[in-house]
Amino acid sequence: MTVVTGVTCPVCGTFCDDIELVVKDNVITDVRKACAMGAAKFLNYAAHRNLKPLVRKNGELVETSMDEVVERAAKILADANYPILYGWSNTSCEAIRVGLELAEEVGGVIDNTSTVCHGPSILSVQDVGIASCTLGQLRHRADLIFYWASNPWSAHPRHIERYTTFSEGRFQKSAWKGYLSSLRGVLSIKRLQRAANLVLRRDVFAAPKIERRLPYTMFQKKRKMVVVDVRKTRTAEAADYFLQVEPNKDYELLQAFRMLIRDEELDVDEVAGVPVEILEEVADVMVGCELGVFFFGVGLTMSEGKLRNVDAALSLTRDLNQRTKFLIMPMRGHFNVTGANVVFTWQTGYPYAIDFSHGYPRYNPGETSVIDILCRDEADAGLIVASDPVAHFPRMAAQNLVKNPLIAIDPEVTPTTLMADVVFPSAFVGIEAEGTAYRMDHVPLPLKKIVGPPKTCLPDEEILQRILHKVRKLRGSQN
Amino acid sequence: MDIAIKDGKIVRKVEEKRAEVVDASGMIVMPGGVDIHCHIAGAEVNSGRLLRPEDHVKDVEAKTALTRSGVGYSIPSTFTTGYRYSRMGYTTVMNPSMPPLEARHTHEELDDTPMVDKATYPLLGDWWFVLEHLRDGLIEECAAHVAWMMSATKGYAIKIVNPGGLEAWGFGRNVESLDDPVPYFNITPREILRGLCKVNKLLNLPHTIHVHTNNLGKPGNYLTALETMKRVEDLAEGNQPAIHITHCQFSAFKGSDWRTMSSGAEEIAKYVNHHNHVTLDMGQVIFTDTTTMTADGPFQYGLYNLTGNKWVNHDVETETSSGIVPFRYKRKSAVHATQWSIGLELALLIKDPWKIYMTTDHPNGGPFTAYPKIIAWLMSQVARKKTLSKISKRARQRSLLPSIDRELSFYEVAVVTRAGQAKALGLKQKGHLGVGADADVAVYNVNPEQVDPSKKYKTVRKAFKRAAYTIKGGEIVVKDGQIVRPVFGKTFWIDVKTSLPMEVNADLKRKFREYWTVEYENYPIPNRFLHVPAPIPVKAEV
Amino acid sequence: MPKLKVSVLTGRTINQGRGKEYGKLSKEYLESVTICQMDPNDMKFLEVKENTNVKVITDFGSVVLKAVKSARAPHPKVVFIPYGPWASLVMNPKTHGTGMPSLKGISAEIEPAPDEKVLSLQNLLIQFRKEERT
Amino acid sequence: MPVEAECISPDVFAEKSADEIAMLQIWEGNRKRTLSDLFKIKHGAGSSSEKFTIRICGDVSKVRKIGAKMSMGSIIVEGDAGMHLGEEMNGGVVTVTGNADSWTGSMMKNGTIKVKGNAGDYIGASYRGSTQGMSGGEIIIHGDAGYEVGCFMRKGLIKVYGDVGRFAGIHMRNGTIFIQGNSEGRAGAQMIDGKVVVCGHIPSVLPTFIIDDTRPKVKVNGEEVEGPFYLFIGDLAEEGSGKLFVSKAKNQHLSFYEKYL
């Protein structure tokens, strides 16, 4: 039995690197320090996995040899006039580098999952820029933390404890104790409510009563957390203040703040369902902080307004730097979606949605992005790496994806591998294969090999190399 | 005269019958070009790429049988960067600003930058360990930490950017002078500079400290530049340089505001001409649309306020910061045109070409692809006059260029574009064609016996734009400006051997979780991580 | 039969996050993503109890899910569905030139469907192929 | 399969024989093709280049960049046209009898684009990351237009007789956008200058606009449009001074603004 320390967690964008694993004869038997998602991954990753290469023969997926799947995959890609190569945010940068070379070789479109995640954020960064930092900067200095349309408690469970409100920094102390005491208050209220419900035999859910003032704690000189969201989340309950915004109204709210922090007045009494007095007080808190930060989630990029919601958030942050120091960061989902953007960008100049069909990289999300291409039914083949579009794309896109020849490289059995025509069983990167990945704040960290993969499962990088090699053979191209 | 090459090295002679012969008669043969300061890889450069699709779309390179595709203009993609340097006869490039925490990123990109040897400088001027140890006068401990950092990040030299200012920027502030204390750390930029200069000596690093001065890009800052050089005067040994002031043009502004801004090149040149402890590079400005990027967060924010252009900021915990702003240098802007003039004035007024090197601080002053233009300006008064006639009247009247008739010879150009840079970097096997040197050779199709660069500067420009041959490590990689053989370059890093790393590690380990958000064991980059690592062992005094 | 006009939000939940790591075919995953979190008062209005099936209908498709009380009510006329193949059935594929479909704040109609079954993953996919062949 | 045919432009066709035109290169997905692979080409009587006309019959809704960079003559598409129609065009006239797709007239400098049917998103817009949108000329859409009409527009006129999606005039620097029908909202968002006229209904006006006046009518390049209109100034978040005209009659719900007049 051995204990491996300093393991990076290949699940979410928080990309914790302090995990401890207990390994006994090539099996992970215990996980320390990880969150529920991380633990589930390390202990159960092998439960439903692809172990053999598969090809679809008259409708059914049947086991075959690695050579045959490589052959089949290479043929599909070499013959395609407009193939899609999609996924990439759950694999290593090393594999992504090969993926880009393959996409270039076959003149395809390569896109990563940020296209349905923070793609719009990237589009607005390209319009206005972004004032950001690494997470440690915030752990040390941030005294005002906003989680806007994001719910780290559920999606990035250790984010608050490692990097923000409940972390210990050089210039800012953890707000954990304060939270505990306030928590007791909240719980007792809930208890009373439940009691009342029993007595009165009905649900008394006080209609959202709108406070006209912020709680006094918001004006104290201490680390504060504010949550802005369309619904009260676990994170919101932990916050010093929860600002509930009407669905699809974030844009108005953010733009209003841009005026309020310049001490300008509005012609309206209410924005996105929030009285302006409140907004003015929140604006004062923003301007008054030592260092503030907005963490924003896909709540902004997926709701009405999309890139322009983020545009407004980035602009607000920039404007705030006229009065104090303020920074902003998207809450990236997959553990290496940031790495996918980074590698795409250094090799091609563009972070996602790259069209190689003319022999050089072209970029225009909305035109060269995978959802649009599928909805317009333009692709004639697909290669999916460590991603599950069949499960997560809108029905129409998913259907147009599965009707063409589909290649899947994935360690797990997913709706996508079930619908594919060629399936490569791969090793779990970060557990069975090493590599590099980028944390949501662009800090690169090593993915480690903890246990050996089954003999039939190769790392994504090697699988892609074999396909690339085969494609070049088929096309007889010189390089 | 013949040059013999064998096994990637220059040798006395080879068996001619069995050797491949390159006929360079009527051409200029030089060592491969060496660039001491160009931002080509890493977090900051890549954020610049991400920020500017509109910059890429106008300049693309399609895939060929031998080369990868990519995009160009002001921040080329990695492959294109390598190809374009190689086509100009360059074989060694130095990436000057690497946030240590993000070193892996820089090296991943350098590995995807083909054709050239490379190295990169970690940013250490605002690292908490440096600030604290120097504040407490613990020079040797500081040196040991820097040594650890060099091998942890696979770095080559100590990079200092706006010392103290970047830490202050953590809370949105800056330092105004060399004696302005750094908030919360009670140490001054002067102490940081002197301290790291001593550390550099203790560690016997091949290059000097590589300094981007305080107050960069502010009128009147030529005084800060002079101060900076004077502060380390007494630390110099004999004629050995002790400090490199990079992209000096940006630190050579006279005047009290933008309206009165003028050139401080004369004063700086005067000082440099009388002292031997300083080397400089130009940071020449080109009239074009480019992308500015430095680790100088506060400077970049100022640039945003000036232009209103899109702005990227990226602060790095316990270490450094950085910023990016797209920028267009206009001929008709008095300030921009004066900057253009300053760069050339420095190169021409500093008598010894071994003290000042040609750079654009790519992409800050303009993309490196403009080097042939600069060579033409340096070699021809006519070329300078031609540009002068097109720039802002105010700038022209203030410019010292009309009064300067110096024109660099081909020999001097070879010094400012390779020999001098290699010497300053301590790359003994680069920058010359002597026996034992790396077989990195550039052949340019211009005949010095027949062509007068002063008049025929266009011919010269053309020749330097597309090398007739580039030979890298003994292999012909470029012919007539075309890549004929793609190769990887080496990555140099300094493997400092100190006698006291043990307790340093203990101290580091103790503070690690406190200072950073990553684990101690995940920070250092293993040598095997690099594509073609070339560690240079150095024995330190500590 | 009562109907209710609502706004559909989709997103991550800790259970979906865990379930995903147990595997897409696991019971944990199925149970974590085939639910529709509703405001108790809306459930009252629709006369559905905890774990009664409801049908969510948008311009882009419909799906049967298990109604569960939201732990963080009140949020009248807003329902929440975790990411997954089921949520995808009712998403808005329009990207308006941004590459990003609309996955939050989709207007929908919701009605009780006590007699309809929640599709199993296999059946959901089979139906996929059938539709795409025709 | 997407087809890209930047060569379909009077500037390219003029002074070329039918055979030369037939051999012009286009892209179909990642394969190089010639124009004749996909089109039957008939050469009419060679007219002078100013009046040179290209007539396209049939469905070219997958063909992108028709008329891109053209500077003279005219193109008539009988049917639907693909994306980037008349992109960066500098003169001449493009007419589409059916629908046009997204990025129609993006970055155009001069000339006229007429679309009888509907158009997609980003009409007259800039390229990603650039602030150089449409800088001259006219785009006239008789049907509806999508989101972000006139994104980063600098000069010129966009007329939409139908409805528009959200963010018409986003980041607009100058120029005029006229909307006969309804707006889905957020018209004039982050505009710095220029004029947006909404004759139909708009759900709300952004809180970062202030009401300035009511006007009986408004001028849209020369011709007068009867109102009355509310005149809003914004986008103040960008410290902009753009003009947003909104029909008074169709937007009674905005009457509360009148208390500030």
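Details
By letter and in written order, the chains are A, B, C and D; residue numbering begins at 1 in each of them.
Simple rule for what comes next: contacts are C-beta pairs under 8 Å (C-beta built on N, C-alpha and C of every residue); 3 or more make two chains touch, one makes a residue touch a chain.
Computed from a predicted model, the values in this text were never measured in an experiment.
Should one ask which of B-D and A-C has more C-beta pairs in contact, the pair is A-C.
The central chain of the assembly on a C-alpha centroid basis is A.
Here the spacing of subunit B and subunit D, counted between their Cα centres, is 46 Å. The mean-CA centres of subunit B and subunit C are about 56 angstrom from one another, to the nearest whole unit. Centre-to-centre spacing of subunit A and subunit C amounts to 21 Å, using the average Cα coordinate of each chain. Separating the CA-averaged centres of subunit A and subunit B is a span of 36 Å.
Shown for subunit C are the residues that touch two or more other chains, namely 96-97. Each of the following residues of subunit D touches two or more other chains: 102-103, 121-122, 127-129, 166. For subunit B, residues touching at least two other chains, in rising order: 51-53, 57, 310. If you draw each protein chain as a dot and join the dots that touch, the picture is not a line, a loop, a star, or fully joined; it has some other shape.
Across the assembly, chains come into contact as A-B, A-C, A-D, B-D, C-D.
For subunit B in complex with subunit D, the touching residues are 51-55, 57, 310. Residue ranges of subunit C in contact with subunit D, taken from their complex: 96-97.
In the complex of the two chains, the subunit A residues touching subunit D come out as 80-82, 106-108, 123, 126-127, 251-252, 255-256, 258-259, 264, 266-268, 271, 304-305, 308, 311-312, 315, 356-358, 363-367, 378, 380.
The part of subunit B that touches subunit A in the complex is made up of residues 41, 43, 46-47, 49-53, 56-57, 60-63, 65-66, 68-71, 75-79, 101-102, 104-105, 108-109, 112, 170-172, 184, 301, 304, 309-318, 321, 324-325, 514-522.
If you check the complex, the residues on subunit D that touch subunit B are 126-130, 132.
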